[in-house]
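Naming follows writing order (A, B, C and D), and every chain is counted from residue 1.
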Amino acid sequence: MSLNSYGHLFRVTTWGESHGPALGATVDGCPPGVPLTAPMIQRWLDKRRPGQNKMTTQRNEPDAVEILSGVFDDTTTGTPIQLMIRNTDQRSKDYGEIAQTFRPGHADITYHQKYGLRDYRGGGRSSARETAARVAAGGVAREAIKQLAPGVEIKGYMVQMGEKTIDRARFDWDSIDDNDFWCPDPQAVPDWTDYLNWLRKDDHNSVGAMIEVVARGVPAGIGAPVYGKLDTDLAAAMMSINAVKGVEIGEGMAAAALTGRDNADEIFMGPNGPEYSSNHAGGVLGGISTGQDIVVRFAVKPTSSILSPRKSIRIDGTPTEVVTKGRHDPCVGIRAVPVGEAMMAAVILDHILLDRGQTGGLRGQIG
Amino acid sequence: MSLNSYGHLFRVTTWGESHGPALGATVDGCPPGVPLTAPMIQRWLDKRRPGQNKMTTQRNEPDAVEILSGVFDDTTTGTPIQLMIRNTDQRSKDYGEIAQTFRPGHADITYHQKYGLRDYRGGGRSSARETAARVAAGGVAREAIKQLAPGVEIKGYMVQMGEKTIDRARFDWDSIDDNDFWCPDPQAVPDWTDYLNWLRKDDHNSVGAMIEVVARGVPAGIGAPVYGKLDTDLAAAMMSINAVKGVEIGEGMAAAALTGRDNADEIFMGPNGPEYSSNHAGGVLGGISTGQDIVVRFAVKPTSSILSPRKSIRIDGTPTEVVTKGRHDPCVGIRAVPVGEAMMAAVILDHILLDRGQTGGLRGQIG
Amino acid sequence: MSLNSYGHLFRVTTWGESHGPALGATVDGCPPGVPLTAPMIQRWLDKRRPGQNKMTTQRNEPDAVEILSGVFDDTTTGTPIQLMIRNTDQRSKDYGEIAQTFRPGHADITYHQKYGLRDYRGGGRSSARETAARVAAGGVAREAIKQLAPGVEIKGYMVQMGEKTIDRARFDWDSIDDNDFWCPDPQAVPDWTDYLNWLRKDDHNSVGAMIEVVARGVPAGIGAPVYGKLDTDLAAAMMSINAVKGVEIGEGMAAAALTGRDNADEIFMGPNGPEYSSNHAGGVLGGISTGQDIVVRFAVKPTSSILSPRKSIRIDGTPTEVVTKGRHDPCVGIRAVPVGEAMMAAVILDHILLDRGQTGGLRGQIG
Amino acid sequence: MSLNSYGHLFRVTTWGESHGPALGATVDGCPPGVPLTAPMIQRWLDKRRPGQNKMTTQRNEPDAVEILSGVFDDTTTGTPIQLMIRNTDQRSKDYGEIAQTFRPGHADITYHQKYGLRDYRGGGRSSARETAARVAAGGVAREAIKQLAPGVEIKGYMVQMGEKTIDRARFDWDSIDDNDFWCPDPQAVPDWTDYLNWLRKDDHNSVGAMIEVVARGVPAGIGAPVYGKLDTDLAAAMMSINAVKGVEIGEGMAAAALTGRDNADEIFMGPNGPEYSSNHAGGVLGGISTGQDIVVRFAVKPTSSILSPRKSIRIDGTPTEVVTKGRHDPCVGIRAVPVGEAMMAAVILDHILLDRGQTGGLRGQIG
């Protein structure tokens, strides 16, 4: 029972702190025979990388991944894959103040209370830098999925930043990679850009975001009721990401407002099996995939690392005000997009393997 | 890796189907020395029990729990506690039609696709009856918490039913148990009652709901970053409940719309330790409890078992219309209240034990 | 992490005490579609049952198993299977003395030290009665193996009782079920019978035993290096049985005395794949099955429940002498035979499922 | 469920191959506040290191450990500790023959059968080099034990090499570190030295060994019945080591030959709690420690990597003879001594933590 691990058969353990020598992911349970090279993984790390994107922190880390084990002749062998990323941009500075102070909205105080000590440099283990390891592991999962379920496509995007939401009528799947927000509504981008620049430079503030991640082409029948449900594992996967405060599947929280007549996805027989009139379910019924798009949304709170002063205390209990200087993202939600994709990929692969172990990939006939 | 289990050290495995001989929970990891009797558990089962409440299904099951192991002289021994509930009200009927048809919005079709066969009687394993086992296990957790963290109080209530929401200004903690909805807004109750009666009798429909569960008095410092986080485990716990489509902690999905200045809970030194100006965090920072109220909300979709016809298919692929007769709850969210409480209790106890194992219950000094 | 569970994907949790209302096994992860009825399981329980065999305790329990869940139309559904055995022969008696005294060689004292209290009736959870639950679970595993790997045969037998050992030259696989010791050397049986009768009636003593369990026909390639190795899991499975003090695979402890030239099993190409000149390895190389017989041996210590007085202490620390009256087996190793078989079956099935999840049952070509 | 991990709360995942860039251990669950530096771990790696000892392989690897995470200011923080050892002595050579051939007694053939491909360089993942990672993790466990249970001492030694056994009458605990065999019988050392030199140089052979590992000063009451028993976990830990074929606790396999009167360890009240007349149990009763020495023995088979030709086949099924050239240990059991110690340390620490989580370290009063 590693408490820094996720997954059942595809089991990822992340390790490392923001300002330690390195961080990484120990990936156990990747099937053998999957083509895998560092560039295949690097591609996704580059997407998450700080400094890559004008909208994110300017901390400049190459985030170069090394594969230390589990791969031979550019092919996975079925043994643990160790992925390491060296921390390079560790600016030396005086940590005196931050070592004694708890930033409001940060894990500083709870780590101190639980562990009695903490690595205060850049947030230590509680830093969002940990998610680089998840993105690397997600890259492995994507390559394995290519072999096991070739048609699957996984994509994340921002649907909300602060009070600004996309217009679903303008949703353009193909435009997502064309802007710095991974925003699927191209017309919203200029406004979001102006807002975020103002927020950082003039308002000294930060803002929350909502991310949606979709997995297309996932075969019906994966998911392990009643406590390894596909949606249970997705909820845990997303909620474990730093700063996430809510997770939804399909209709999500809005399901509370619906009636049964409106919510039911009616079923029809299509040429290749069952089809549905709608996807309120978000692709999951009873914890098992229906074959429709799997749709997950999660909310990322605004970072509390802002230039505006907030009241707090020091370890000795005396009051203080905290102003977080340094290179922080005004909207950490942006970089949560590739993280959410990586977690989706890990969960999907895990359940494909699990289903094979449980049922041998048996599928009941329909029609 | 049991896929029908939850918890790390306090580990519950539920078993049983809607219309089998019995269902129950195997509860491993309850500490020794906890006073425990069947009536202590029965109290919570009675709260969830069908037929108990005018607003829920009239299926009348006594849901009487038997303790088969793990308790000696009315005290837990530290060995597995087996809790069994016999199914008694299994009306004999012709299952011919339901055996061949998939109800829209139900797990019928995905269970068939995954397993190749299913226990179609009353939904089998996918029935919400499974949650009776969780409620029983939650009763054990509550008694153990009493011994280990005496000040903890756990309470759930409905904050929304369909489009009807409570008025937070009228929130009355003490009135929750006084109505059939566990609604904390007493003035809303008559309207909710009328609406639900109309929905069932006249509209032949059902409706979703939103439940909030609060744990008060939980000590700061429990939670196991970064993948056994308290909020990660709560998200998984709630999402695993039948029909749940979304889970939130504290500010939840609304955190996406906030700025960092508004969202930060400022910290002050109080007479007994740190205090906070607000609780946007919902009592969890970095996956660890702050000592504030732990606040979780989850959305329950409307049941698809309604008298209104919905289009579907049979196993042979032919089209059909499904009308679900029988005794179904028009708002399954009502009975999700004690289930949510039970899951909260299990997670809290589990993390108290886990923290003891991880750190010995060490707490860093402040002030 | 249930500490009363074994197996990865085929996951068994046993529960229950010697003198509680019932005991049983929660069996999660059995594949769907396996024909299963209570008599299929009962057959193996009858083999282990006290009172069945002249050589074992005369406590007379029917040990009738009930299937409470997970089976529909006499077929497994892929959901948890609950197996319950009611305790019926709980002679009422005065437990005053045993409640205050620790029997030498028993878990009485360590349970007291660990848990602060214990169910002293018949040894409570530490009683060998717990193994009835394992035998029941093993019965399920056997039926699943029949479907997944039809040629597998699993058989256990005694190869040593005290200082009496079988003559391997007279080994007769087909005679094993013909005597009360499951002894494969028919000529040894009369001598063993006389010895055991003398030991119990005249010497007021008990004796240890060595059991060998063989699995034939297991396909090459199952086992999960490097910590879910087939032999690792077999060692854990056997060592977890009450009174077991040692476990061997293949050559076992005797491997310490061999040279590399003698120990190597040479490889030849046979008509259906690789064959070996010998089986020092016991069917496992690098934690993975070779396709040869899997051979495990384990030693069972003599029960300390004997009529001869042994020195001990009471809870209050005062000295005492313990003489264990009642119906105890002079050689508990006899009943360990079906238990060892059951554990072998569970491990084999578990690894067949696991291999499917890991590699999809991929097999590298040879020849 | 990582299949390359061991431990419940102190959870170690090893990764890496013999000839890859590096290998290591991801150590999750070490308590916070433990002083830890690389030299503290290096000490134990040096003990296992090839080339260190005249009796072992002359492959010369510095085996220098780097701590990449989980430690701050030379103190553990409660987060995952990554230990990395670079592989440096990877002689380039032609692997053509070994890539096509299966060495008898090696995992070559089973890895190929299971995974369809294998990293054949030096045995890949199945190489005993993997145990370096275990030794590093054991070093962490030792430091944590120092804090949590200061009196514990863990020591391993060889009691048998081939047919040569120590004379227990000459057992000298303090002489163990004075010879290259970790042999506790100083008088046996010259004979063992001559034998091993002859075996390697003249006989072109290898030989098995038996190792005993003792933990002194372990408090009574740790161990988690009935499947996380202390002896169950020790059996699994030792059996998972390369080339181990048998594991014993206390009297071990010899318990089969004893009677109950001889085997019972009688109990007396000593000044500091219960004492025992003997230790046939090996310090474990019912899976829980008694407070006596915990005594484990395991047998290591002779390596099959010998200069003497053995018959085998190639991947294409054609017959061949294998002669393993290169620098191989004639008695791999020697280097298994520090590995066995490391596994003992990991299991003991794990159960100290687990007991804390289960019972809060509760201890029933005696006397």
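Here is the rule we use: a contact is a pair of C-beta atoms (placed from the backbone, for glycine too) under 8 Å apart; a residue touches a chain by one contact, two chains touch by 3 or more.
These numbers come from a predicted model, not from an experiment.
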Chains in simultaneous contact with chain C and chain D: A, B
Of all other chains, the one whose Cα centre sits farthest from chain A: C
Chain pair with more C-beta contacts, B-C versus A-C: B-C
Length of the line joining the C-alpha centres of chain A and chain C, rounded to whole Å: 45
Distance from the mean Cα position of chain B to that of chain A, given in whole angstrom: 26
Where chain B and chain C are represented by their mean Cα positions, the distance between them in whole Å: 38
Multi-partner residues of chain B (each touching 2 or more other chains): 1-5, 8-9, 14, 29, 32-33, 78-79, 114-117, 125, 225, 354, 358-359, 362
Complex contacts: residues of chain D adjacent to chain B: 1, 9, 29, 31-33, 78-79, 148, 225, 353-354, 356-360, 362
Chain A contact footprint on chain B (complex, rising order): 1-6, 8, 14, 102, 104-107, 109-117, 125-126, 130, 160-163, 199, 203, 205-210, 220-229, 231-236, 238-240, 242, 245-269, 274, 277, 280-282, 285-290, 297, 299-306, 308, 310-313, 315-319, 333, 354-355, 358-359, 362-367
Chain B - residues contacting chain C, complex: 1-5, 8-9, 11, 13-17, 20-24, 26, 28-29, 32-33, 66-70, 72-73, 75, 77-82, 84, 114-119, 121, 124-125
